[in-house]
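Both of the next two complexes hold subunit A, though its partner changes from subunit B to subunit C.
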Partner chain A sequence: MSLAQCLMAGKVSSLTSYFSLAYMLGFLPASCILYSLMPKAAKKYFLLAASLIFFWLISGKLVAYLLFAVLIIHYAGIWLERIAKERDEATALAEKTERKALKKAYKNRQRFVVAFAAVLLFGMLLTLKYSAFFTVNINTLLSLFHIDLQFEIPKYLMPIGISFYTMQAMSYVFDVYRGTVKADTNIFRLALYMSFFPQIVEGPICRYNETAEKLWNVESIKYKNLCFGLQRLLFGLMKKMVVADRLNSIVQTVFSYHDSFSGGYAAVAAVCYTVQLYMDFSGTMDAVIGTAEIFGVTMPENFKRPFFSRTISEFWKRWHITLGAWLKDYIFYPVSMSKPMKNLTSSARKKLGNHFGPLLAGSAALFCVWLFNGLWHGSAWNYIFFGMYHFVLILTGNIIEPLVRAVNTKLHINPESKPYKAMQILRTCVLVCIGEMFFRATGLRAGLSMFKKIFTDFTFYVKDTDIFTRYSFDVHDVIIVAAVLIIILGVSIANEKGICVRQKLAQSKPVVRWAVLYGLIMMIIIFGAYGIGYVPVDPIYANF
Partner chain B sequence: MKTKYKNVLKAAAFMLGLVVLIEGASLIFKPKRKYVEGGVHDQAANGILSEPENTIDMLVLGDSETYCSIIPLRLWEKQGITSFVCGTSAQKLCYSEEFLHKAFRNQSPNVVILETNAIYRDFSVSDEIIHKADRIFPVFRYHDRWKTFNDRDASLAAKYSYMEGSKGYMYNVSVDPADTTGYMKADKRVNPVSKRNAEYVKSIKEFCDKKGAKFILLSTPSTKNWNIQRHNGIVQLADELGVEYIDMNTESADVGIDWSRDTRDKGNHLNFYGAVKVTDWLGNYFKESGLLEDHRGNESYAEAWNGDIEYFRKAVNIDLATFES
Partner chain C sequence: MEKLIEILEDIHPDVDYETCNDLIDGHILDSLSIISLVAELEDEFDITIPAVDIIPANFNSAAAMWKMIERLSEE
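Right, the complex of A and B next:
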């Protein structure tokens, strides 16, 4: 099929992976070259056109949903600002005593606009992503109650990245409502903020004040940016091709045929999947941030060495950071700071004290956050379980915090000592792996069965050996995965200590720099899991 | 401006260094012996490279349907036709084209057959790019060979001397009957061939025309992989390209497949019994058409091919000449 035919059909599905050849050798270089040839004033428009074409190529006519979302937030923003302007004018003229009532009336109008935009944006997301899940569950309930009524399960085509761009769109509306950003009258700037091609598939979920201006004021590609961007992309490619894709055979086999594997294998698969997910998602973020860097745009980081976390709360501040920040700013704070919750906190504080009092309202907000988080990842019960699992872990951590502190004091344990920190890190890693096992399982029942086997049958045997021999994963693969993980661990430790490895590399002698880059490239070529015998993992977060 | 040129030069030098490294790695990773143990992929199909020059009259391309359905040694035994099956598992058309070009390096077959199941196997632009890169830099194809490196890999010289005794056919005698419900049930619907794949078939056909070989599309019997919609699609494609099309799944072909005995995996592939029927049908067809020469009287051919038949007979304990399905 020629490029023109692909363009017309919007059928270049391989572009959904930023590591596909179609992207790395086709779309990205072509965009960079054409971008460089554009006059300065046209660069931003070119970037917008390239982004929309990219989305069209991966989603076809579903690009209409994205454009509709842009229109919604554009007009909602203008509407909100107009109300704010009217409010300011009215309150300036009003008597002091009337101002409060006036402000409230205008606030209610603004809330209506926000609710209107939310209904449209989340309505699209709910319909396209969740309607089938809800219908299946309603049908199950109806059958349970022997009601002779079944609804047809709707089937919709879902645009790639809808969960990401909907969150981004809503953050803009909320921010304009809160007055932290001014409404943008330039619909093209807003469209570029929403659709910038490196981030449209898997995020990060950017805020308007973080990227919109930077994207609109892009300049020519600089040699340093190009080198730094490509280096980052290469590092991500190594994570994806050498580790994530290599682990695919064992992860896919054990999770698909979990009934045939004993508990030992279930535990290994849980760890492998956690590593795979991290390598796939953080590797993709390296590609996204690296691509943006080429164009001179700094994107927010989505990972900050999550496996160095001492608690689950800390883990979620380091893993998928932009999602966590979104949930904190637009769900946790609004719920916990709402009037009923404030009242609950003050009355509970009197009865339960300063620790447990505020915890009550905080827990209600936390529950909303984790229910949303679970559902955001997918429309299935195992995702809801995944959310609730983390809710329970964080809540338990909050509840027993004074007890742990007291025990530590009593036993003279220094919580800042290295062994204690190491124990906390290990515990967090184990809890994360268990959560990810439920996340990856083919259903909640499958997840529970695997979890049970870890405790009741921690052996290493396979019922149907034929299944295992179909996939190849041997000691060589273990060595390669371990070697790359050690490299990544080294880089992570350096970064954790505030040493910027990339900067260090840039300052080193050209011979050293080139040797490292050649080494990295040859490592990907030789040890990458591609070609005959390998099935690369599809971009995991692109499905959310 | 000076800095700009300097940067371009640096980038070019870096790329040049990278190409040298990849080429070097290709020399190391390229299999040194044409055996599976030597890391070579598709050993049987690559056996065409070791056949004496200009001795193969019929070439078969396609996926697993080919090496399960056509027995070149039986064709030799019965009709004196020399043929080779360059079929590989799940072969995509870009690989079929590669085998075609590879085969024509040392051979000049009069007939080239493309099994049509491969025509319905989709592949992406990336597959094509990887495939082309594989051919230029073998390290992309054989990068995984580090797992089986041995002393022989210290030498960069490759020695390809492996002779494929069964000429690409894969013997399998197990029986697992097929359910034929709905198989080739009359239907006017068409499963169209994708444009990319049609372009590949066209390109293979043009190559054959240029080399003076007759190009034939062949659908071997398979209840799982073949259906009337696909048949209609290939009929359409064959008409467009002006190519002869034989569908052994239709009643008109009358190959006589007994689906309770002639398949090894519920109709997905044929077993030896089914392959004998397909091969005999093809042999008679070519005998009648006069397209292919009988080489049995030629001593140089007879010595090599009869030797292979003897080897095959010993290996599987079946006498090809007298076996009647």
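Right, the complex of A and C next:
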């Protein structure tokens, strides 16, 4: 298919990666130049048009789903606010005794609107993303019970970023319902909030009050924003192209032919995949946040040096932060604070005490969070297992917390000492790598087989040595990856200590600043994994 | 206010609730403590704490909690 045909059909797949040449040297610079040429009042409309064109270029006619989602939340928001206004008018005239009943009646009407919007939005997501998975499992169940009935497995094309923008759409509806944001009567502003092109493929999952106004009030590109934005973008590019894409060949080979590799390789692949995923996703987030910065928009951070976490619970507060915050605000607290759960907490606390009392309600909410989290990543059993794995780890951490504290006191162990902290960090990293191994495995059975081999066959041999000819990972790759990881580790340690490396760089002499910038560019050009011998790697999270 | 301090001390003792103003930000009260606390406050003060009010600003200090309780009691 020629480029012109691709453009017309909306199938420019290379654009889905913010690191592709089509995006880096084509779409992004063209957008920035045209944006700068636009009069101030037209800039926001240009950003909206560029975002919708971008989405159409990567998803074609599937852009209709995004536009439908915008329409749903626009009218749901207005409907919710109208009910809230009627409620306020009615309660202002009512006696105090009647107010509670009135509020409850209006709340039920609002809940109906939220449910209606949720059914439509999640309905779209469930149909497009999960219907095949559910049908396959229903067919398997029917076969198991020898019922002579099989459903045809549906095949739908799924718009890129649907898992991300659906979460954003629902957060807006929930926030209007809760009264934390006012319903937006301007559908164009809402559409820009939903579709802003740097974030549509992989998030971050923004809240309306975080970005909508900033996007709508964009100004001319400022020199400082351009420099800071490009710097962040290049840093992301280095993470993705030099580390993540370089690790891809070893990860791809071991996970695809896991039967041929012994346990030692399985363990190495699990670590390599964890590093690849982090570099890929956090690198993309650097590119997204950097691009938004060029336009003067501050996006929420999605990572906060997760591999310095002391517990799994802390890890999830530092990894994919916007997803974790969404799940906490819209699933964890609403479930744990629901009437039956509150009653359960009150009675359990009297019988089981302060620690174990709230644990029952907390665990039920946590289970919902992790089931949702697993399924959100993909429609396969290994993703559900991944969610349940983290649920069990966090729950176990909560259960044994008093015991650990007691043991530490008894043995005079200081939990704030450096060796203890290092042990906790190492333990968290190992647990995360195991989880990611199941996450990346070609299926749950493959994941379990690799996991078993780590304990039963921790050696380094390959059954079929022909496999080595299929990938191109040698000692040079190890040196390059290790060198860049040391740089990233250094930056992370400085940030962890509260030193803002970017600010320090901005205050340094121009010669240092430009040296760093050129250094980054040269590193990407010389050591980036592209060209002959490398298969272009799509951003991993774009597939979720 | 005394009743509130009593509830807080029951849920998480050994904290000076008169002066501490980073109960959430300082990781003194975790999500499980908040679940307990909300259930207790609702029972004790006959209020409903909506999900929208479960934010650090409302739980960082006893004073902030008391302010929230007073506001919700009036509604």
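Rule of thumb we're sticking to: the second predicted complex is superposed on the first by the 536 of 544 C-alpha atoms of A that agree within 3 Å, B and C clash if a C-alpha of one lies under 4 Å from a C-alpha of the other, contacts with A are read in each partner's own complex, and residues count from 1 in each chain.
Following the convention adopted for this analysis, a residue touches a chain if its C-beta (ideal position, glycine included) is under 8 Å from a C-beta of that chain, and two chains touch if they have at least 3 such contacts.
Every value quoted in this text rests on a predicted model; they were computed, and no experiment measured them.
Novice: Scan A:Tyr223 for contacts with subunit B and subunit C and give back first, second, both or neither.
Specialist: Touch status of A:Tyr223: first partner only.
Novice: Applying the document's definition of touch, where does A:Gly60 land relative to subunit B and subunit C: first, second, both, or neither?
Specialist: In the superposition, A:Gly60 contacts neither subunit B nor subunit C.
Novice: Answer with first, second, both or neither: which of subunit B and subunit C does A:His476 touch in the superposed model?
Specialist: first
Novice: Tell me the contact category for A:Ser336 with respect to subunit B and subunit C: first, second, both or neither.
Specialist: In the superposition, A:Ser336 touches subunit C alone.
Novice: For A:Ile521, decide between first (touching subunit B), second (touching subunit C), both and neither.
Specialist: First partner only, subunit B.
Novice: Does the superposition put A:Gly26 against subunit B (first), subunit C (second), both, or neither?
Specialist: The answer is first: A:Gly26 touches subunit B but not subunit C.
Novice: Figure out whether A:Pro358 sits in contact with subunit B (first) or subunit C (second), or with both, or with neither.
Specialist: In the superposed model, A:Pro358 contacts subunit C only, not subunit B.
Novice: Flag every residue of subunit C that touches subunit A in the complex, lowest number first.
Specialist: Touch list, subunit C to subunit A: 10-12, 31-33, 35-36, 38-40, 42-43, 49-52, 54, 75.
Novice: Which part of subunit B faces subunit A closely enough to touch in the complex?
Specialist: The touching residues are 3-4, 7, 14, 17-18, 21-22, 25, 29, 41, 124-126, 129-130, 134, 139-141, 143-144, 146-147, 194-196.
Novice: For subunit A, which residues count as touching subunit C in their complex?
Specialist: Those residues of subunit A that touch subunit C are 99, 178-180, 328-329, 332-334, 336-337, 341-343, 345-346, 349, 354-355, 357-359, 361-362, 398.
Novice: Could you pull out which subunit A residues touch subunit B in their complex?
Specialist: These residues of subunit A touch subunit B: 1-2, 5-6, 12, 14, 20-22, 25-26, 223, 474, 476, 514, 517-518, 521-522, 525-528, 530-533.
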